[in-house]
Amino acid sequence: MMIKYIDWKVTIPRIVAAVPIAILVFIPVFSTSRDTLSIIILSGVWVIAAMGFAMILRTGQFSMGQAAFMAIGGYASAILTVKMGWSFWPSFFMAGVISGIIALIIGSVVLRVGNIYFSIITLSFGEIVRILAQNLEGITHGARGLIPPSPEPIVLGSFEINFDASVVPYYYFMILLVAITSLVFWQINRSRLGGTFFSLAANQILAEHQGIYLMKYRVIAFTVAGIFTGFAGAFYAHFLEIITPYMLGLWESIQIMIMSIVGGVSSLVAGPLVGAVLLKVLSVYLSRLPVYGIHALLFGGAVVLVLVFLPKGTGLIDLWKKFWRKVFNEPEWYEIPSIDE
Amino acid sequence: MSFLELTNVTKQFGRLSAIEDINLSVNQGEVLGIVGPNGSGKSTLINVMTSYYRPTSGSIYFKGRKISGLRPDKIAALGIARTFQSNILFEGATVLESVMVSAYLQYKTNNLQSFLRTKAYRDEYEKIVGKVLDLLKMLELFNDTFLPASGLSHGYQRMLGIAIALASGPKVLLLDEPTTGMNHEEAMFVVENIRKINETGVTVILIEHNMKVLLDLATRVAVLNFGIKIAEGKPKEVMNKREVIEAYLGTETI
Amino acid sequence: MPPAAIWMDGLIQSCIYMTMAFGMVLVFSILGILNWAHGQFYMFGGIVVYYAVAAAGIPFPISLLISAVAVGVLGMLVEKLIIERVNVPIYGPLYVGVATISLIFFFEGAASMLFGMQDKGLSMVYPGVLDLGVFSVSYQKIGVVIFTVIVMVAMYIVLNLTKIGLAIRAVSQEPVAANLYGISVKRISVIVMGIGCAMAAMAGSIMAPIYPVNPFMGRIPMIMSLLAIVIGGIGSLTGAIVGGLILGFLNSVIAYKISYFSEVVLFILVILILLVRPQGLFGASLK
């Protein structure tokens, strides 16, 4: 019989972090107001997209076209349901697959050139997707956009989950989606893939000379991000029951990026989650302010302040770790050794 | 054909030839020293051999297979590892993380197995952790296992560079001036370790300024000057050759 | 063959993109980062000139200088207070990128609050049309071209014939060595950011009489000058000028030929250039 040693320094922060998550799961019990739940549901969409961005960033690449994959997922699902008459579930699944395939194709062509060039190419790609969506009238209905239906009810014996009646089913669907994404990303980060991704960003020349084929891992990260971002986009379209070319453009890609960075990319899951939820909620409340322009002003200002005043190279999530180090009175990570050995 | 062979390898940068028409053969298990004054093309030679640069002409064969023009990761996968002249590290990683990441080539399990954490992967992982720790012990980095690599002193960073290269389990190890900036004791420590590494069956190609190190270690020496190989042979004999002395000290002093 | 007016329009657009791209490249070569909020400095240039001319009644050429100085100082403040503090090793470009992108929101928000959302326009400062028989050009547009040439020549002189220009070139080539020789890289960064932003402001102000002024006018020139830099080669000043020229004409001429797909063609062209020759037309070979 093995006695498991419990490290309270790890366990207590986890328990404290679990409390808000538990509260989140039970929110619909207390309130079913469309308003409150919508904010959380929509933040969930951005959480997934931000996680995808963080994953690509892990490999040292800086994608500025993540919203395009949301748009691809959204349009794929919308076209399949509206034009081809598929039902929701298969088209939702196909949205992720299509988005993933497009990411795979684009990635294997484009990831050859890295760094700033990759950012500009993905930015261009995002714009191309937007312009095409705007102009391919026959498929996308142009600027008017498509109106995808809500999911069909799920019948479990006598019990029926109806997506039209309230947003609660959407809420749990979203939580499930975020949970699955988090689990997959967490597992990737923990496996050998995580270390390999990290080595690409940390020093690609060294990594290459250790036998790591850069393209392979960049494409893997890009594709995995593409798949989940596609799911998020499809969900977004079906939840809002509309998708237009203007919903997911360059500015949304930029927001995804900001959410990831502000949350902190030292962790693949928690950072983007915290960043996306906080910034989305902030953004929603700011947009209710009466003066036009103050929303953008405060949003931009808040992000700049966070970046300037946080320790360099960290995000909000690192404050959490720092807090617990203070609580347990642990020393900082390391002290620089003295010059002589 | 010998173990590792360079035939007529030339690398030009613009009009300038960094190395010109180099023929060199390396035997299995030896320590080949490459010497030459600054700017004689020693590092370029290593960079060409590991495909950091593509040779302008000529080819390189490893175990009879042509490797010039392959991607660097392919060359590493064939068993040729290298260190760098400056301390190139994985930014933000600890010593252990750096070496664990570098052990990439030692895994037999694929990425899917590692994602699903199958039994085969976990067993292999444990084995590799063991190997890496042994490696760190051997190179006296064990006390710094959990320190960030960038916090190490220069000498230890050089050792970490060697550890990173060795972690991939190479058959040939190319060392680019492993003892730069070290004092005598540190350099001798490195020499000891290179000898130990060589004894495990790894062929070592060593670029070195420090003659003492070279005379101690190398079984054979090749001398470069202005990108051209001017001498090759046993260390003691080569060092007494007229061309070599001229290359190092200049003609007028003789 | 598109009519002359299209070519003229292309030339005018080239002038904006050239001036903006030049400033961005200058900043990039010293700070190693792209200033994504460059378009917003362009927008502020337009707004300052609008207020100076329409509200305060200052003559146009003087208000142009005022706006260049004012926005240049704003750029310096941004460098000193934000970029310098965020630009850390390793992930610096990333964090600066996000900070400057957030500044886009900040500046556009500020501008919409102060300036209002609606388009405003200055009346032509130099009314009248030059009739060349085949086609006619307004004096205002000729003014834009001449002004751009003056700015470029002035930049050439500053960079090549003055001490500060020497310092800037030194830092762009070898920051560490320049620092050791007593050039303060931090100060040069601030100055260069000031110059870059002032150039964007000048582009914005010279355009104010031609295009409408509004808080969002900076977005498209920003993207276009970014693409111009890419075509010319990131980090190359000549590349910025040539890229700006190519892009301005391309944009107006392709738009004339195939309407809405012009942008798609443009972006695909940029992607192709980056894939085939990532260093751009004038950049040095990477390896």
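Just so it is clear, A, B and C label the chains in written order, and each chain counts residues from 1 on its own.
Operating definition for what follows: contacts are C-beta pairs under 8 Å (C-beta built on N, C-alpha and C of every residue); 3 or more make two chains touch, one makes a residue touch a chain.
All values derive from a computational prediction rather than experimental measurement.
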Among all chain pairs, the one with the most C-beta contacts: A-C
Most centrally placed chain, judged by C-alpha centres: A
Centroid comparison with chain B (C-alpha atoms), farthest chain: C
Between chain A and chain B, centroid-to-centroid distance (C-alpha), Å: 42
Cα-centroid distance, chain B relative to chain C, in whole angstrom: 47
Inter-chain centre distance, chain A versus chain C - centres from mean C-alpha coordinates, in Å: 33
Contacts with 2+ other chains: residues of chain B: 91-92
Chain C: positions in contact with at least two other chains: 90
For chain A, residues that touch 2 or more chains besides their own: none
Contacting residues of chain C [partner chain A, same complex]: 34, 81-82, 85-86, 88, 90-91, 93-95, 97-99, 101-113, 117, 215, 223, 226-227, 230, 234, 260-261, 263-264, 267-268, 270-271, 274-275, 278
Residues on chain A engaged by chain B in the complex (per definition of touch): 187-188, 191-193, 195-196, 198-199, 202-203, 205-214, 220, 333-334, 336-337, 339, 341
List of chain A residues in touch with chain C within their complex: 57, 62, 109-110, 112-113, 116-117, 119-121, 123-125, 127-128, 131-132, 134-135, 250, 254, 257-258, 261-262, 291-301, 303-304, 307-308, 312-313
Chain A-touching residues of chain B, taken from the complex the two chains share: 50, 52, 71-73, 76-77, 81-82, 84, 88-93, 97, 100-102, 104-105, 107, 111, 114-115, 117, 121, 125, 147-148, 151-153, 155-156, 164, 167-168
